[in-house]
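What follows is a pair of complexes built around subunit A, which joins subunit B in one and subunit C in the other.
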Partner chain A sequence: MSMIFDGEFETHRAPDELWTYFVDPDIVADCAPGMEEMNRISDSEYEATITVGVGSVKPTFSVDATVLEMEEPEMLVMKAEGSGGRKGAFEAVSRMEMSESEDGGTILQWEAEANVSGIIASLGQRALGSVAERLIGQFFDCMEGKVEQGVDATPRMAPKSDAEADLD
Partner chain B sequence: MSQAEESKAERVKEVEDHISNQPTPQNYVGSEVRRKEDEKILKDHREYVQDRNPPDALHAAYVRSPHAHAEITDIDTSAAEEHDECKLVMTVDDYRDAGYAPMLCGIQEWAEWPLADGKVTYVGQCVAMVVATDRYVAEDIADLVEVEYERLDPLVDVMEARDSDNVLYPEMGPNAPSNVAFDETFELGDPDGVFEEADHVIEKEFDWESRASGVPLETPSALGTCNMNPEDGEEKFHVWSNQQLHTWADVAIYAALDQPREEVRVEVPLTAGGSYGTKHATVYRHAVLTAVASEMVGGNPVKYVEDRIEDLQGGDSASTDRHYKAKIAFNDDGEILANDFWLADNFGAFPRFICTNQVLKPLAIVNGPYDVEHARYEYEIVCTNKMPQTSYRGFGTPAHSWVWEMLMDEAADVLDMDPTEIRLKNYIDEEDMPYKTPSANVYGEGDYAKTVRKVWDLVEDEKDGGLLDPDRVEELREEGIYRGSGSALVLEPGLGCYDYHTRQFIPRDELATYYTPENRDFSDVVTMAEPLEAYIRTDGKVVVKISSDDQGQGHQTIASQMLADELGITPDDVVVPQQDNLDVASDVGSASSRMATVMSSAAIGLGEKLRGQLEELAADHWGIDTEQVEFDEGGVKQLSTEGVEPVDKRHAERLEQEFLTLTELVHIDKMMETGDSHFKPQAELKTYAYYEYPDVAYENREYFEEAMIRKRPTYPSISFAANVPIVDVDVETGEIEIQKIYSVRDSGRIINPMIVEGQHHGGIMQGIGAALQEEFGYSEDGQPQSTTFFDMMLPSIENLPELEIEKQETWSVFSKSGAKGVGETGIMDIPASLAHSVNDALKPLDVTVEEMPMTPNRVRSWIRDAGDAPAPADD
Partner chain C sequence: MKSEPFVYHSPSSVEEVVSLMNEHDHAELVAGNQSLAIQMNNRLATPDHLIDLNGVDELAYVDERDGEIEIGAMTTHKTIANSDAIDRTVPILAEAAQQIAGPSVRNVGTLGGGIGEADPAGNYPTVLTALDATITITSESGDRDVGVDEFFIAYMMTEVGENEMITGATVPTDPFPIGRTGMSFLELKRVPHTWPKLSAAGIVRVDDPTRDDPTVEEARLTFANASDTPLRVEAAESAVEGTSLTDDALEEAAEIAMDSADPADEMQAEAEYKEEQVGIFTKRALREAYDRALDQ
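The block that comes next holds the complex of A and B.
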């Protein structure tokens, strides 16, 4: 089942101030909801275990994430493929764009296209949209908190050279 | 009198004579004998598969495909196998390497492995089986099996799939490479000529792509055990499974296990609830795989019960899914001359065994209840990435009858005729019965026009101050409620012959060349008699061994009523246990109204045979002639001893006892003359009888010979119903509410009115569900959308309107008992009837039903598209 999610956030911090946080895999992992474990394979590729509840289903996904495109401090494109055993699978490409707002802050726009399969696609169909929105809201709130706290961030992600942004 | 009338009159006399000669003090047949089954069902004294828990049982779970269409690039079972409590992970390679066979499919040159082989073609397809110490652990371990998929483009739409180069199984079927697994055209009479000459031709397209299901109380389940060290005479496999038709379709289990029948005992739970065909397709996978798994783990029983989501998602649990292009030709005066139906049936990923016959059954009623001589019938069985279809009650005819009634409404509209008038003009005349259809099936009896008039008589009062009072109808319409009614008479064909079931295994050129009256002899036709056995217990009770699977339809009650009348005993004196496949002769089983039609007829034959044997036994005991004895209420009485001189004192004593009860007879039968208590072999016993009621179509050769030789479906039992549903359509919300259904229902002779009524209620409810709300939805990429009862809208008691049913009995001229059955009642006729009433309701808006089910969203969109409809404020 193909689904498109999108949203927008605003913050008073400037884009280049935020950027560092979004490309530090440890900070991203810390803020990602349901993240149980993440292993770095390279600067472009990561393996993670994530558990999220979608409606009455609570799958644990083994996720392979790849950084596809980066343009500091404006754009980040990632692809993720997750397999949740009997409960289903997904693959998604997400794109995040940041632009400077009139008052020097950031307007962050994001969009994700996902193919969802199996029980989460049928059982969770009603809940998927709102769950995704809630989780992403939590994620951005957490990231904003890290920036506000002035947590140290180290930009370490790099785009994978030959990767494609298409869904299979 | 015509020949037909003579044979009908003879038939009726024969049955009446039979009844008057029965030894019963009262007629149980025809009376409301309480169902023997109900107390145990209601008190939950039933054993389901889930209830059977051998202490050493292991439990299975499946790894299932989340994708509708994908190649399997790798299956890594290592992490699963490392789990402490994992006993087995089985993939198709393990299954194949162990020497087991593919499962039966419904058409030639098609094979399906019970686990996915290299690719998956529907969501929920079984990819691997995991066996562990309990089900919870098995499910956890299933998640450890890592399957890598490469996604392929999914096909969902039937019309897209039939033309697509994206072929699910390019190697399979006679049309390979094509998604059209099988297709046929029947030219019956001269349809082209008639269509050319007719005053009018209308052609329309119809969709009934929603699928409905009987959703059984217990989902498909199995407990398979391999006996690793069988003693002589013990079977290698024992399968306890809720398979339907287990004494015949057990072939699907033992063939896949690559065993002779005798090595696979199939035991089924007694009266465990509805099958309605929904367990035709998928149970045998579980039966086979649990049995195989049991062998692989060293003999522990292995149990698997499909959960509800698995059942709705990928359990092959639903039907029908069709796109029609249909036309009829008719004259100015409303006479229908020919019909031409083309249909593409979306069978999903596999054309399953038995289920594929659903496109053939409508051929038996290709002309519906109408006198139409010329027809074309074309079907395509198309594979897509939806879940495979199962059989479902109605077996393919509800959609066919619906299309017919919608076309009749259209023809009435074209001619500006009353929709009931045009139907009355075209119903087959009672005088033309038995009536041979264009496909050479024969309808035996029934006055359709009179039945329709009768139902209108029932409705008459509603027109004056009642639901159909014109003022009331007008008032409601101003409030946006469009009330409508109409009468449709729909046929319920039953008792399908056996031979046509294998039609789709035959190469098509042979069907055209060999299967003709010139080439094929009638003796080549495969038939299925109805076997029935009985023996008398030492306490005088009569045990009847039925070969049918008994899900609770009433086999115990019906067999008991029949034998009670035959032997002059009470139904409580009759015992009807469930039998394993190996303990009785094969029988088609619970399908096609066989309980009412042929099990009842077999009971008559069995009763006659047993009575004759008991008379012989008694005559022998008394040393008199069989002419001098007579079977009477529950035993045999001496009529005279004229000309008999007792040979000794004992003989004289025997002669003095002038009546022998069943208990006395069984003791006489089982003791040898010397008085020793050595039992005779069963075949020598007079208190045991085996009887086979011959195949009805085969016995009535003069009528059915042509269709049978041509391997076409014959259904010699044609029940029918004329319904007037009064429906309200809310044009703002699109909701349909049924106010009341008037119905005259003719199922031939009624053996138990209470059972018939119960079947009517349940069947009508199924029909309402299928017509108004049930839907197995799919997203465009093949993800099932109805995997819980939140989305799969089963009808409940709240959806059942007031019913006014009149039961009519036009006895069958073909079956011995005269019964025609109600095995598929309601679901066959109600959808077409409801749609006909909805057409009437929405006529002012120029809206006609062309799609099923009539869900609010669909109804709203028709009204919206019609344009000048009154639109709700915010629409």
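The block that comes next holds the complex of A and C.
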């Protein structure tokens, strides 16, 4: 089942202030909802264990994430493939774009296209979309919190040279 | 299919439930078991531990106090539907319970289960939102009260965190003086014993029901399944407040409610159809609530 999620987020911080945080894998891992563990394979590739829940349905996914495109400080494209064992699997490409707002802050727009398979797909777009958009909202709130707290961030992600932003 | 194996626990007090939750990872609470079993048998839900709340008698109660009524999480739909205290003070809650599924579900299904499931089409979330109830969540560190407006976060997602449980709901009754308050709960449901495609809860309090064309002092209007969480339309409430529920005021409220709705497509009900019905149900629910406020 193919699904598209999207959303928008605004903050008074400028795009170049935010950028460093979004390309620091440790900070991203800290804010990602349900993140249990993350290992760096390279600056472009990460593997993670993530548990997310819709009610009493709480699959744990082994996720391989790849950074596909980076344009500082305005665009970040990533691909993620997750396997939740017998509960199903997903693959997704997400694109995040940041532009400066009139008052010097940032308008952040994101969109993700996902293929979901297995029994989790039976929850449907209505359930998965509602929860995904909420979780991504929590992620951005957490990232904004890190910026506000002035947590040290080190930009370490790099795009993978030969990767393509298509779903299989 | 059958569920994956799990360890069954049957505590008899809230204290015991809380300590079991803290003791075991991947534990799930089960109340009336009218939804969880389906997900477990489909192996969508695979808890390692099942904590059965049916032996926790202290959670099955209806407690009418001065200015509020509190209902325990393990109170069944049947008990709520038949409660004189609820019928007298907040009849809409009894009506909502009476319309859930069929008798076999109502005999065992519970208030806490319905709130915790947080299905956007659920009756309790919508009615409790209209009543501006407070949900009590209990954990090892004690109770915390969360307003319904903050409790429902997304589809089947609530404020209840890890190692927390719903213990009850409290409804303030002062805003609904008996004798000049009317309540209405309407479902769009073509087939009995199923989930409604849409529901509306309307509450109206008038100044003096014996006058000609009494004025609406306060109105409440909420919907189930018009969004991914219960939808309260305060601007539509304001549109009828201070009026004698004229056709113009109702029309305005209906327009506002339709604009606020963001329903999802379903196999038997497209989003556009549900949006249209939000307008119709706005008028019906408020009209019925107003008529009931006058007819006592």
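Observations, loosely collected:
Heads up, the rule we're going with is that the second predicted complex is superposed on the first by the 163 of 168 C-alpha atoms of A that agree within 3 Å, B and C clash if a C-alpha of one lies under 4 Å from a C-alpha of the other, contacts with A are read in each partner's own complex, and residues count from 1 in each chain.
Methods note: contacts are C-beta pairs under 8 Å (C-beta built on N, C-alpha and C of every residue); 3 or more make two chains touch, one makes a residue touch a chain.
Because the structure is a prediction, the values reported are computed rather than measured.
Applying the stated contact rule after C-alpha superposition, one finds that A:121 touches subunit B and leaves subunit C untouched. Touch criterion met: A:134 reaches subunit C, while subunit B stays clear of it.
Once the two complexes are laid over each other on the shared chain, residue contacts for A:83 go to subunit B alone; subunit C is not touched.
Applying the stated contact rule after C-alpha superposition, one finds that A:161 touches neither subunit B nor subunit C. Legend: residue contacts after superposition of the two complexes on their common chain; A:149 is shown touching neither subunit B nor subunit C. Contacts of A:54 after superposition: subunit C is touched, whereas subunit B is not reached. The residues of subunit A shared by its contacts with subunit B and with subunit C are 86-87, 119, 122-123, 125. Residue ranges on subunit A touching subunit B, taken from their complex, read 1-2, 60, 83-89, 115-119, 121-123, 125, 168.
Subunit B meets subunit A in the complex at residues 61-68, 123, 139, 142-146, 149-151, 309, 313, 779-781, 783-788, 791. Subunit A contributes residues 53-58, 86-87, 119-120, 122-123, 125-127, 129-131, 133-134 to its touches with subunit C in the complex. Put simply, subunit C touches subunit A in their complex at residues 26, 28, 36, 39-40, 42-47, 117-118, 120, 153-157, 228, 264-266.
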